[in-house]
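Pasting the structures in now, so scroll down.
Look at the two complexes coming up: subunit A is in both, with subunit B in one and subunit C in the other.
Coming up: the complex of A and B.
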């Protein structure tokens, strides 16, 4: 039976290997899902951020975490003007419309923010809008009155005068059961559940003029991953971080182990000055610290993840592995079957690739598998050091942003925990499989 | 530095590569030039005798093939030297191991010759030099009229196809991670032989020839699933695949069970006769020589001390070393079980510092003090085709 098939059969007896393989398969599936649903360019565009995230709350936690701890944090409510009926009255030269944006607020906690997005179209004469808040009890609170251009954002929760009138930030004051006077303890305020209305009274100065937009009452939770300080949905970065992490780890591991092995084999085979050069290069390279070099390149040149990958691979080629493989290959070089191959005319390249390298592949596989997460962690470390890729979402970048925004100090645990959990899961999966592979293949090598 | 201390070779001892020491640089041309001058001086005697007379050696044997070409032997070896440099710290030359030190012989088409010698006498180095795996320090190897040293690229590859190699350790000679079919396909792929199907047919034919039938069952196995004898048959099949003219068998049976030795030797002989191959059979075991080869050569400390037709050499040995080897042979007669045999005193000489004059003089029972230790013996010709390098037989 083939030693490979035999090895796989024996691997099945290790539950840890199965668990590891399961984790890796799940990660791979996630990576494939991410790449298929969000194309590379789309992922970059999304992560660049800006207005496209404006309907999401800032620093919202994941929904499941809130439910897990029995919370009833509000989700984001979006009430478009298009859904509200329009009552219209015509006067001389002007039209007055009245719209009520109606919604039920049933959560026991206050929303995080209220924004009103309005825009006018159909005429270059801008309509005049007066917005009034109507509580479930029917209390009317005037919010704002202004002309509306093509695209306006009315930040109700940033309205200082309104905050002064309410005695609390508008997103709290507008939803509290009791109106707060000055000096009221905001923690004591309670949410008034019920049906709220936003009354929009618009004066149009042209027949064709129209008003459109929506009211967004931002929640405190969003999706399964939450959002960051730029309202970006973290699920994008968590999803897309998977293929990037796996690709980085895999390419770096393949790039270093395979080339290292082949170079070691070439040195052992050719001996003489080839071997001497390879050994000296390795000895010099071993004492060069990788991280400072990467920091230097990132600071002075570019922090592109693919450049970093290239540098990691190049510096990883002449690594300590060369010494290890050399020690393993030296006796193999003298094996009679190599002499036989030489005698029937096999070329140097053929001897190295077909006769020497395959002999130690069984020991290479576990090393290779356990090496993948180290490179994943390296990428994360670089990102945390501020040398992450500037345009791509990665797990390390999330951690960097979280640290930058003092996420733990502010209590945004999800921001740190979810990328960290994914990193740990990756490490765990490859380690479980790698250690089991090591147990299966290494004794085999000793017996060969 | 390593010295060979064993007098007789034990089966199972690791042979390949044992002559090589730390710091040796066989491929270094400058080293070769440096030692060449020294080597020539030391082997003047061997060179002086020339090789012209030897060509008739094969023809004189009783079983010599009838079709042979009289004008050109298949393999001519002239004053061949293979020395290995010993270096300290990678560049300081501290000496050289004279594994092959002035060997001359010829081998005709279809002729089989055997080289007998103790372990460490340079037999395997000679084989590897002939295979083109070591560059000779001096001397010349001519194969079918072409100088081996001039071969490059395609021509060298053709030479490698024309010379088959059977090794001592059959398990080590087969890559353990390949199936038999792949192992046998490799030489054919290297030499770009035919389609996959044509290669399969040739492999099957070769396996059948060495008695491993059915072929399609054997070739699905890994080497470790075969017995030692079967493994050696695969090695022989591999040597045959490229249809060689010469097979060099370096101790082909010394690591096998006594029970399969005869079988393998018989197989080699049958194949040699059927294909009219030249066969160079290298062994330390004189007992396997008698019914095997046309010609025998006795090697001692990198040189051939006596060569001639097998029967004559075994029945009337001239060189004291050949006599000693024959005397040390196990006698199957039970009555002689407790008889003390005269074994040459001492041990095989160091090839790093070989004795002056006749290499055998420190152990020779018939040493002529004043001559043997100072001068290289001239070659004597007691009979046509029988050559012996000993002062006892030369004037």
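Coming up: the complex of A and C.
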């Protein structure tokens, strides 16, 4: 039986290895899912943000976290004007339409924000709109009256005069059971559940003029991942962070270990000045501080994740590992089968790649697996320092944004916890597998 | 980076321990010979240290030169500095009322002349190869130049001053944490290797993979738990604001602020350290000479001190210093997370200001710190490993 199959068979006896492998498979599945459902360019476009996300609330938590703790925070309600019936009266030169945007509000907590998006089309003369809020008891609160251009955003919750009249921020005042006078304690206000209406009375100045738009009552929770300060859905970044983290960790680990091993083998095989040069280069490289150099390159050139990856691999080639591999390879060099290979005329390259490297590959595998999370966390570390990739969403960048916006101080725990949990899961998965592999493949530990 | 596990190559050292013990017995009978041998040892040690120092200096030289080349690749720094010079000169001319009446052509001329003078003064017209040697000399002498934006708390614009001001904070935090982790790990590991296979032993092994996450990562959770959910400790900083007057109150405040970052580092390092030390001690306690000592009926404490710890001392120290090297880089982010006013936070602020001299200066300082650590490593190794003394620095 080959040592690989034998090793795998013994690996199955470690429950931690199975758990680790399970986590890794789950992460790989997530990565594949993310890349298939959201293409690379789409992920970049989504994460650039902007008006794309205007229908999502700011800093909303995940729905499941709220429900888990028995909360009843509202979801976002979208009420398009297209769904509401239009009552129309025609006068001389003008048409007056009336539309009621009706919705049920059944949550026990206040919404976070209210915006009215309106736009007009079909005429040069802008229609005039008057908006009135009608509570379940039938109380009418005038909101705003203005001309509507091609695309307008009426931020009801930031209407200062309305806030003055209601005695509370509009998203609270408009939904509270008792109208709050000046000086009322806002904590004491309770949500009035029931059917609310937004009455839009429009004066059109042309036959073809039309009004379209949407009322958005923003919730306090959104989706399974929540949103950030720019209204971006965190699920995009959490999903796309998976393939990026895995690719970074895997490529960096493969790039550094394999090149290091081959160079160590070349040094051992050729001896003399080649070995000396490799040894000196390794000593210089040990003195070069990796993270500060990455920081310097990120600041002076570009923070592109692929450039960082390249630098990590290049600086990792002559890492301290060379010394270890060298010590392992030195006795192998004198092995009779190498002499045999030399006798039949194998080239230097063949001896290094086919005879020397494969011999210590099993010892390398555990190191390699435990190296992956190191690089995954390195990427996150760079992002936390503000040197994350400028266009791609990664876990580290979520953490950076959260840190930057003092998420913990404001109580947006989900913002920190979800990327952190994913990072931890990745680290744990590879570490569990790596440690078990170490015990299986490392002859030193086999008897322990 | 993950904790450094003891390397298999170091096993070879253990064989030399009995010979050293034998040599000690011989010298004890002849005091005069002992003095002369001590002198010989010292001379060889000095020779060895000198050689290593020279080699390391050369290494640092090349390392710093590489840093300068990387920092200057594509002439990006030169462009930045040119733009900066143009800015200052233009500002000077605009601010000076004596030049207000000059026609715009003359002013343009003046601007160009002054820029030329400044460029020549800074020798930006010379090829990079010549200047790089100059930069190298300055960097090696720790003449790190002036910061562009930042200044030290005392008000100095000298990069060296800015960095030196931050160094004690970093040394305090990381020195304490590393010593703590190291000693706790070695002693717990010794205990565990004696009770190998027990429930405690197995639970420590099971916890070892938790060290895959770096210290700053645990730091975030610790801040969340102990500064926000249960507000017991400050979330960041080095002393309370305003700093308490009186030495003891100040120290108490610093210790309070150090608790969380040290706990984070401890949590991230301890299990993997215990794990690797335990494995290491297990391997060494199954050596023939240890079995022999046990068979002779020596007490456990003696076996541990003389037969397990002494021969493994050099790899233990190696591993300790290697851990230091690994943690220098980890310092940057942990400090940033805990807002600790050390080198890491400095580097982070320098990134924010795009203050190139400070960034390059920090890299140089880090390179020096690493070199000092490596030198200490070599030196202590020579002190502990009898072969270096006997063979006279040919190691």
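By definition in this document, the second predicted complex is superposed on the first by the 443 of 448 C-alpha atoms of A that agree within 3 Å, B and C clash if a C-alpha of one lies under 4 Å from a C-alpha of the other, contacts with A are read in each partner's own complex, and residues count from 1 in each chain.
Throughout what follows, a contact is a pair of C-beta atoms (placed from the backbone, for glycine too) under 8 Å apart; a residue touches a chain by one contact, two chains touch by 3 or more.
These numbers were taken from a predicted model, which means no experiment stands behind them.
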item: Room on subunit A for both subunit B and subunit C (clash or fit); value: fit
item: Larger contact residue set on subunit A - subunit B or subunit C; value: C
item: Which superposed partner A:381 touches (first subunit B, second subunit C, both, neither); value: second
item: Touching partner for A:290 - first (subunit B), second (subunit C), both, neither; value: second
item: Touched partner set for A:145, first subunit B, second subunit C, both or neither; value: neither
item: Subunit B versus subunit C as contact partner of A:90, first or second or both or neither; value: neither
item: Which of subunit B and subunit C A:346 touches, first, second, both or neither; value: first
item: Contacts of A:355 with subunit B and subunit C, given as first, second, both or neither; value: first
item: Contacts of A:421 with subunit B and subunit C, given as first, second, both or neither; value: neither
item: Touching partner for A:272 - first (subunit B), second (subunit C), both, neither; value: first
item: Which of subunit B and subunit C A:432 touches, first, second, both or neither; value: second
item: Minimal inter-chain CA distance - subunit C and subunit B, angstrom; value: 8
item: Interface residues of subunit A shared between complexes with subunit B and subunit C; value: 448
item: Sites on subunit C touched by subunit A in the complex; value: 1-2, 7-9, 55-56, 59-60, 62-63, 66-67, 70-71, 73-74, 76-77, 196, 205-206, 208-214, 216-217, 220-221, 223-224, 227-228, 235, 279, 282-283, 322, 325, 328-330, 332-333, 336-337, 347-348, 350-352, 354, 356, 359-360, 362-363, 366-367, 370-371, 374
item: For the subunit A and subunit B complex, residues of the former touching the latter; value: 2-3, 271-272, 276, 334-337, 339-347, 350, 354-355, 358-359, 448
item: Interfacial residue positions of subunit B with respect to subunit A in the complex; value: 16-17, 20, 25, 27-28, 90, 128, 131-133, 156-157, 160-161, 163, 165, 167-169, 172-177, 186-187, 190-191, 222, 235, 238, 242
item: Interface residues, subunit A side, partner subunit C - complex; value: 16, 20, 280, 283-284, 286-293, 295-301, 320, 323-324, 327-328, 370-371, 373-374, 377, 380-381, 384-387, 399, 403, 408-409, 411, 413, 416, 420, 423-424, 427-428, 430-432, 434-435, 444-445, 448
